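In what follows, structures are represented as structure tokens.
Common to both upcoming complexes is subunit A, partnered first by subunit B, then by subunit C.
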Partner chain A sequence: MIFNFIGNYSLLLSLITSLSLLVIILINIKSLDDKLDYKIKNLIFFQFFFVLVSFLSLIILFIISEFSNLTVYNNSHTTKPLFYKISGTWGNHEGSLLLWLLILTFSIFLYFLFAKKRSNNEKFYTIIIQQIIIIGFSIFTIKTSNPFDLINPTPLNGLGLNPILQDPILAVHPPILYLGYVSTSIIFASSLASLMVSKVDNNWAKHIKNWVFFSWIFLTAGILLGSIWAYYELGWGGFWFWDPVENVSLMPWLSLTALIHCILVLEKRDTLKSWSIILSISTFTLSVCGTFLVRSGILNSVHTFANDPDRGLYILIFLFFLIFASIIIFFIYENKLKNTKVAFGILTKESSILMNNWFVMYFLAVILVGTIYPIFLEVISNHKISVGPPFFNKLIIPFLIPFLIFMSIGPNFNWIKNVKFKNKIPLIFFLILNIIIAFLILKNIGEAKLNLTLLLAASIYLFFTTFKDLIKKTKFKNYSQQISHFGFALLILSIVMNAVLSREITTNLKVGEEINFNDNKIKFENIEINDVKNYKKLTAFFTIQENSSNFLFKPEIRIYNQPVIITSEADIKTNIFMDRFLVINLIKEDYEYFNVRYQEKPLMIWIWLSVLLIIFGGLSNLLIKNEK
Partner chain B sequence: MYGKKVKLRALFILILIISLILTVFLVLKSLEKNVVYFISPSEIKSLSEINKKKIRVGGMVKENSIKIDNKVINFIITDFEDEINVTYSGIVPNLFQENKGVVAEGFLKDRNYFEAEKILAKHDENYMPPNLDKKRKEK
Partner chain C sequence: MKNKLLGLLAILFFLFSFVIFFKGLDKPTIYTPELQKNISLTNFEAKEFFSDQKINSNELFTKSNFYLVNIWSS
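After this line comes the complex of A and B, so read on.
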């Protein structure tokens, strides 16, 4: 009870701090000087502190299983392991909003510590904008989804956490993804602030670049974790489904990736100013938009915790407010931007970055349409539709080909000056060579389609050019970019090869039956039933005979008791060449036939490793300052 | 008459507009092709013609209707007014059970027979396809 009290009032105190921060800055708006600095710093710290206390109280409530708290009652259970009690704190709507608030206040605190060199005006404007966002979300949390609501009388036990969420990766996925999502608010606030004080220049770019990388690293890592989880837990063996909830995380990522490149141009060349601001605004807007879609219950998924129209409406209104306010600010101050006049030729770094930015925007537009259109149609015409992977594949893959080629050639161009076309002729020959290689590979497999050949050729091309850049010795070496680009090349190549070479079989088997698959013999040996702490475990034993080697697979089915949910735990054998993936499922509770799916997924491990490489590239930019 | 710069800029804008129109056209075209409509069993009964487009059928898995052999799983989807036979070979999601909501994606063979390519998981133990919840409560 006491922690409920502390948490609740601490949350209120943080809202009061936000409001007073806003008032203090607005009163002194005419003369923002260093005297104010100290005061503001303390207030920002206290605000963060209050939300932290509130968050910690909620964690404690979860640990001690205080079921008089509604959130704990709805999402926890005494039989749950301690680790998942803690992760249950953010595994629900109310708790995740509190986490969102925590990161909002943490980011502005961090911003203030690192923004010492920025002008007072810019700093305080940033704080005002961030405080408006914080206040919006505080009121939202307190009014519509207070994590400290009570339930009376106190129930004896909780309802439990969806077992599908009881997973180590999924326990850390939300905080990491949120760090990425929410810290984009700083980019948003700072870009608008610097626009208002006409300070959008290379100094600003140098400063905000760190935040862009910070958000991007966490967003990438968050998406990676979610994807790995989907791969082994959902039991499909896929890693990306073009599901709306995945799309809403990919959209800010694309926008942020475009922004990273833009910011670098702005830093080096002092141009592309409006474009950087637009990307900053759209990144954060897309993050909030994602929150709206996921949390409002419009999209039905594992992320939807509660269907409450009030919540959706509130976020929607807030979202529109943010969009309109930022657009108005943009158009008022936009004409004050002075782009340094630098005309750049077509075969320059600037052009190729801009070009790829447009491609990224196109991808983003496709995903946006594919995600939003079904919702619109349902509202307008009451038709229920869904847009599946073919839509995205068809619209994205053809444009991925030129995108990859630009990405291979672009980094070899110079700033401002056109490269001499003659010097780059070997690159073109190399591309043609790659098309032939790709064609031969696919011909061998029997999938020689034009689209696929070109895609594979482009990805091999990117792979070799980025690899060459990475190992080449030059005076100015941009390791960060080269590692990330090489990682991206590896990612695309692995995905393409994985898609082309994957093999699978799905069947229904009884114990003792066997089936042939290519040259393999799959035998369902036995099944064992055990009772574990909070679930009943069915372990199946399969042997797979491949040439002369034998593999033993032990996939599981778990029947959880609180709440009653069945999950499948796939058994995956990983090596550097391929994953062997076996998953079974219960069809009827008579335990006679089992649904069996066996997959061979080549290069799976490289998909994860390459994303790690991409992240590592970003990380090295953030941590190592070796410029000049 | 015009400077080189103006011409270049005009060309640039022209290309931009053309590619924009092309993009919109492409997106709309493939939306038209790849959109999957959601239909309930009773709506299927009242269809005037059966076309070859992919659809989704949603409803409840009828009690005692699941029949399994090595190759396929057969079951009946009902919306408490009408029902339809579904045949499926593939992996079913964990939440696939008799008396639970289900969404099947595939092709209609005739008014009583549906060939599913995919059974969708709605990661929510209380999930009900749209409208069905209401109908069930009415019953």
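After this line comes the complex of A and C, so read on.
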């Protein structure tokens, strides 16, 4: 009970501190000087400290199973392992909002520590904007989603955490994803502040670049973890499903990726200023938009975990307040931005970055339309539709081909000055050679379609050009970019080969039956039922005979007792060439027939490893910069 | 002038989006199939799952007291 009290009042104190901060800066707005620094620093620290205390109190409430707390009662149970009791803190709407607040306050604290060289005006304007965001989320948390609401009389036990969330990867997925999402608020606040004080220049780019990389690294890692979890836990057997909630995480990522490249141009050439500001604004507003779509209940998805239109209305109003405010600020101050006039040619680094920025914006627009179009259509015409992979594949794949080609050749261009066309003729011949290789590979598989051939050719081309760049000995080596680009090339190549070579069979089998699939013989050997601490486990034993090799698969069906939920646990055998994936589902409760799905997914491990390489590239940029 | 017009267009677009999202909050997210009336069913023959017996739709839908359940998932 005491921790409920501490947590609740710490949360209130943090709101009071935020309001005080805002008032103090606004009162001194005409004379913002170094004298304010100490006072502001203390208040920012206390604001972070209060939210931290509040968050730790909630963790303790979960650990001690304090069921007088409504959030703990709704999301925990005494039989739950300690690790999942702790991760249950952010595995629900209220706790995850407190985590949002914690990262918001932590971000501004870090910003203040590392922004000593920025002008007072820019620094304090950034703090004002960030405080408005913090106050908005604090009021939202306290008014509509207070994690310290009480329940009376105190129940003897809780309702338990959704079993599919009881997973080690999913336990760390939200904090990592949120670090990416929420830290973009600093990019948003700083870009608007620097716009207002006319300081959008290469120095600002140098300063904000760290934040852009920080957010991008965590967002990429968060998306990767979510994708791995969905692959093995939801039993769909793929790495991306174009689910609305996946899409809302991909949109800020795309915007952030475009921003990274713009910031690099701004840092080196002092141009693309407006574009950098627009991307900074869109990245954070897309993050808040994602929060609105996930938490309002406006979308139907396996991921949405809070269906409450009242909460949705609050986030909607706040989201559009941020959008309108940033549009107004942008159009008032945009004409003061002075781009250094740089006349760059068509075959230059700047052009290829700009071109690919437009492609990324196109991909973002397709995903945005595909995600929100069902909502628009339903409101306007009352028709319910769902937009799935065919829509995204048809609209994205054709444009992915020129995107990959630009990505391959762009890094080989010079800044400003056109490269001589005749110097790059070998690259064109190499591209033609790749088209022939891709055609021969696909013809051999029996999938020689034009778009697939070009996509495979472009991805092989990107793979070899980036690999060549990576191992080439040059004086000015940009390891960060080359590692990330090589990782991306590997990712696209793995995805294309995975899509082309994947095989699957879905059938109903009972114990003792077998079925032939390609060169494999799948036999359903036996089932075993055991009681585990908080669930009943049904293990099915399958043998798969492939030529002279035998594989034993043990997929499970788990029947959890609190809450009563049935989950399927896939059994996956991974090697460097492919994943063998087997999952079963109950048809009837007599355990006679089971629905069996067996998949062979080539190069799955390379999809995960390539994203790790992409992250490593970003990380090396951040760390090498800091060493300098 | 061009900037002001662009700003105005952006605000109008976002206002429209706000109204749509606002209205969308009231819409139920539970899928309810449309009621279909007076639709003649196609005859078909299929194997019964557990017994392997052949069944004809004519034998199943002799009277009007049957339900067609649309199992929908995503």
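Convention: the second predicted complex is superposed on the first by the 623 of 628 C-alpha atoms of A that agree within 3 Å, B and C clash if a C-alpha of one lies under 4 Å from a C-alpha of the other, contacts with A are read in each partner's own complex, and residues count from 1 in each chain.
Note that a residue touches a chain if its C-beta (ideal position, glycine included) is under 8 Å from a C-beta of that chain, and two chains touch if they have at least 3 such contacts.
Just so it is clear, the model here is predicted, and its values are computed rather than measured.
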{"item": "Partner chain in contact with A:375 - subunit B first, subunit C second, else both or neither", "value": "second"}
{"item": "Greater subunit A contact set [subunit C / subunit B]", "value": "B"}
{"item": "A:573 touches, of subunit B and subunit C: first, second, both or neither?", "value": "neither"}
{"item": "Contacts of A:336 with subunit B and subunit C, given as first, second, both or neither", "value": "neither"}
{"item": "Touching partner for A:324 - first (subunit B), second (subunit C), both, neither", "value": "second"}
{"item": "Subunit B versus subunit C as contact partner of A:292, first or second or both or neither", "value": "second"}
{"item": "Touching partner for A:395 - first (subunit B), second (subunit C), both, neither", "value": "first"}
{"item": "Partner chain in contact with A:312 - subunit B first, subunit C second, else both or neither", "value": "second"}
{"item": "Touching partner for A:508 - first (subunit B), second (subunit C), both, neither", "value": "both"}
{"item": "Residues of subunit A that lie at the interface with subunit B and also at the interface with subunit C", "value": "300, 302, 384, 386, 508, 593"}
{"item": "Subunit C contact footprint on subunit A (complex, rising order)", "value": "292, 296-300, 302, 307, 309, 312-313, 316, 320, 323-324, 327-328, 330-331, 334-335, 375-376, 378-380, 384, 386, 508, 593"}
{"item": "Residue ranges of subunit B in contact with subunit A within the complex", "value": "23, 26-27, 30-31, 33-38, 56, 66, 68-73, 89-98, 121-125, 127, 130"}
{"item": "Contact set on subunit A toward subunit B in their complex", "value": "162, 164, 234-236, 300-302, 304, 362, 365-366, 369-370, 373-374, 383-388, 390-391, 394-395, 506-509, 513, 515, 563-568, 583, 585-589, 592-593, 595, 597"}
{"item": "Interface residues, subunit C side, partner subunit A - complex", "value": "3-4, 6-7, 10-11, 14, 18, 20-27, 29, 31, 49-50, 74"}
